[in-house]
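Look for subunit A in each of the two complexes below; its partner is subunit B in the first and subunit C in the second.
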Partner chain A sequence: MKNLSRHIVQITTLLLLAGLQVQATTLKVCATCPNTSIRKAIALAKPGDSIVVDGGVYREGTIDIKKPISLIGLNNPVLDGQFKGEILNIRSSYVTVQGFTLKDVEVSYLSDNAAIRVAEASHVKVLNNKIENAFFGIYLQRADSCEVRGNVVHGQATTESGSGNAIHLWYCDDIRVQDNKVSGHRDGIYFEFATNSHIQGNLSQGNLRYGLHFMFSDGNVYMGNTFRQNGAGVAVMYTKNIVMQDNLFEDNWGAAAYGLLLKDISRSVIKNNTFKRNTAGIYLEGSSKLDVQKNNFENNGWAVRLLSNCEQDTFRLNNFVGNTFDVATNGNTVLNYFSGNYWDKYNGYDLNKDKTGDVPYRPVSLYSMLVERVPPSVMFMRSFIVDLMDQVERVLPSFIPERLVDANPSMKRI
Partner chain B sequence: MKKKLNLLFALMGLLLLACEVAPQEIVYGQVNCAHCNMTVSDSRYGAELVSSKGKAFMFDSAECLAAYLIDNPEKKQDAAFVLVTDFAKPNTLIDVKNAAFLQSENLPSPMGLFLTAFADKNTAGQFQQKHKGRLLSWEEAVLAVQNDEKPF
Partner chain C sequence: MNKIIKYVLYDIIRNKIVLAYTVFLLVLSIGLFNLGGNPEKAVLSLLNLVLLTVPLISIVFATTHFYNSYEFMELLVAQPINRKKIFLSEYYGVAFSLSAAFLLGVGVPVLLFGASLTGLYLVLTGVFITFIFVAMAFLASVITRDKAKGIGVALLLWFYFALIYDGIVLFILHYFSDYPLEYASLALTALNPIDLGRINVLLNLDVSALMGYTGALYKSIFGSIWGISLSFGLMLLWVLFPVLSSKRIFSKRDL
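And then the complex of A and B:
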């Protein structure tokens, strides 16, 4: 009996929903339609309606969306901001914006103008849009359960203070940022106080400052993203419980560029990433309880720069190939753990054939200690005397941190 | 000969000038914050500390400057200039003693404490009318950083 009443309730709900579906209408906007203005269409639309915009260029200033509707672009309609204020201002939940080109958003010192702003809303979807020449691209504030997918955000910034971020999240929760391409902005993807979010398959390259930058953003997962040729690489700080997996960090060169800069990060996993041709692959400062495993460090200046204020970080099963310095540190206290990594500079032997080197490997060279203390001494790189010093130091360690050692170096690449 | 001497004096004068303890321009996008290591990039928020010997430390925000002074009290004793940027006039450095700070949830600053500096109380008051929030002196702002006080 109880079951039956539950069924009835379910069926009635379904019927009600179906009824709602029937009521939702589609409004069309195009140059030859009765309705040629997106603003007007939005004013006419009822919650749940769809507005289909077919081609054309629309110069309607800032368009506010304050009810749950879908705004869908067909045949690449263009919303031109004409460098005045913002373009789309979404202040309702359950809004979808799809398939538009938005361009020309004003640069301002006093307000962070964005092409698409989502404020105090949930379940908003921003899909497959193209944003060109905007101050900020997609800006989410106090939003949750939203999706930003398949957008291309391209800025033409030349100075950092004259440009905003491509995708900017501020006080958000449970956001999915996926398959976007961002370039030419200050930071490609910027999170501040954005938690429990999923960032996957994005390409962030050629941004002035950071490809990815987040602060105070706990519990996020970053998977399969590419960060390439950004002014200062990727910076993540003041955060705990993050997972960074299967990402590619490459070609981040410069005096202050890092593949990945970690500052005050704790209890996080960095796994299966590739760090290629960066000034410093990973730079760690004040970071603790990190599990750094199965990453590839190839052809970096420094593979890992581990400052001595880091503790309980574990580096295992990583490959270190072709780096100028494998590990550098700035002090003698070492509270971190290295094990089972592959080091191409390891010249020990494996007599018992267990695929693990019989003598430990010390990844910090004397010369790297010297460079850390006296940066100009880098000009003696690859000189005979430096090589000699390093060899002697390896045999009789006296300056390099004694405890920074991989006791089980792998003989083969992992 | 005299010309040469004059030239020499002029050069020496220039050298002396070069040694002068004075604020330096913050080159946005080029320098890193001495506290958080981020690239200093927002010209409305940069801050600077100049030691008695003329060494300049740049910061991306007043919060980082305050945090740095809290962590390094000896630097505070030794400071010749402690400067923040006037929000209303980007790229202009002002002394923290004369600055007025507005902490408003409507004005996010680079390091998440919503701290914005103005050249004087009047301007800060005008912005407060628009953006709400509370006005602070530099000492109170340092305390807010120390206690990690946010406006909400």
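And then the complex of A and C:
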């Protein structure tokens, strides 16, 4: 009996709560509505309400959101920051911001002004917004369980010091960053101490520094993203337990450009990615216990630059096609493992037809060692003597690290 | 002078070696363009070929031609014709015919399959290389009356520029690798026309971006109009120096 009454109480509370949800009102903001100001509408709104903004341009300075409401833009309303401070400052959980165009955020060297800032909140959704000409685009700090999806962030950065990041996460957990397009900022996507997050289907291109940049951000999953033509490609550092899968790294060219730079990354999986036309496909420094498999390396300068302070990295079932240098290293200690990759430069044979070559392949050429040690010798690329040297060295290896070898190279592209 | 050039040309066309050379280049370049599919890659492969075979064939053909037409030259010297004119006509005759063969064999396929600025540089480089190595052949030929010795010197010159020089420079770069060598190595390339031509074409191909910091530096130098004109100017010097010095030797020495 006691039990039953407790159940009834619980059910009535639930029903009451549901009733509250249904009663959540919708406030409208537009040029001809009773409400013409977003700020006022927010002041009037109760937790759980929605505010629908229909068209128009709003110049209301920094708008603070301190209660759980939905701010929904219809017919592309514009929030103009007029280069004064920030635009949306979200300091409450369960807030949704959707369908706005935000533009003109002040560049400041003292504070990181953002078009949308989410601070100390959870379950915030930032969906389908367009951000133009902002210092920082979307800035999440000490947030968790948030979603940033379908936004287009386009900046007009000219210098690294005078520009911010498109999507910036600092001390966050369990964030979903999905289907965003970011360009023209310092870093496209920047994570610092952001953990257990999911980054999927984003396009990051034409940023001054890195397309993706993260540090101390363990346990993240990066899937199906495209990083293209960024100043220095993608750089990730001091992190463990990440998964990078089905991403495309392309056209990161120039003196300091990498497809993917890994520094002190460990226990991670890099799988099914494509590296096309990068100065260096993957550059690994101090990285250990990585599983690099089934990636495509096509037409890169260096497909893999593996510094000798890396250990226990495994390269399996990758395709190396049309790269100037397949693998380069800077020393003779090799503590990594190559197996079953396809190398287009491999000229061995397969007598027993098991689809693996009978002769081991040495992906490091003498010339690549020389270039690593004496960069100016790069000007002898494709000269007769270099070809000759490499052929001789391949037959009788004496300078190239003897243990850096793929013992069973694949005869066919994987 | 035009008349002598005409006779030299007739003579060259009659012995069919130049014709064979044209066909050889034509088959190779058409093959390369149809094999790879990507015209840029074909230009790259063609570059390797041009830098190896064109100097060799130019220098060997020009040396043998010079010695074979020794009697003809002696005959002309007996006439009231300036020796310089005789020498230059011989030079122009050989250089023009070999360049024409090159233009037909490589220039036309490049124009048809891979017409681009890089293609143009490749063809220009090839023509310059032809002129340079014919000039070197003539220099080797006027130094000695002995045909075997002349051909030996010519072959040695080819070997030096195609292979040995690069080896020496690589050794120097390696030995002095503690010093900043970017500009020094740039200066060293100017001392070898084959390197000059290779870098000129390579840096105008997209692969240059893949060569890291040093590549970017070279590209910023060679990529500009100024750099390109400088490198072709250097190649012109490489033509003029052996031609003028061998002309001087030829007009002074006892035939």
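One rule holds in what follows: the second predicted complex is superposed on the first by the 399 of 414 C-alpha atoms of A that agree within 3 Å, B and C clash if a C-alpha of one lies under 4 Å from a C-alpha of the other, contacts with A are read in each partner's own complex, and residues count from 1 in each chain.
Rule of thumb we're sticking to: contacts are C-beta pairs under 8 Å (C-beta built on N, C-alpha and C of every residue); 3 or more make two chains touch, one makes a residue touch a chain.
Note that the structure is predicted; figures quoted are calculated from it, not measured.
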{"item": "A:G301 touches, of subunit B and subunit C: first, second, both or neither?", "value": "second"}
{"item": "Which superposed partner A:I87 touches (first subunit B, second subunit C, both, neither)", "value": "neither"}
{"item": "First, second, both or neither for A:A256, with subunit B first and subunit C second", "value": "both"}
{"item": "Which of subunit B and subunit C A:M379 touches, first, second, both or neither", "value": "second"}
{"item": "Which superposed partner A:C172 touches (first subunit B, second subunit C, both, neither)", "value": "neither"}
{"item": "Contacts of A:T279 with subunit B and subunit C, given as first, second, both or neither", "value": "second"}
{"item": "Which superposed partner A:L370 touches (first subunit B, second subunit C, both, neither)", "value": "second"}
{"item": "Overlap of subunit C and subunit B interfaces on subunit A (superposed complexes)", "value": "256"}
{"item": "In the complex, subunit A residues that touch subunit B", "value": "109, 159-161, 170, 186, 192-193, 208-210, 215-216, 231-232, 235, 237, 256, 261, 263, 285"}
{"item": "Footprint of subunit A on subunit C - complex, ascending", "value": "44, 47-48, 51-52, 162-163, 166-167, 169-170, 173-174, 177, 181-182, 184-186, 189, 194-195, 198-199, 202, 207, 209-218"}
{"item": "Residue ranges of subunit B in contact with subunit A within the complex", "value": "28-29, 32, 36-39, 41-44, 90, 108, 111-112"}
{"item": "Sites on subunit A touched by subunit C in the complex", "value": "253-256, 279, 300-302, 324, 370-371, 373-386, 388"}
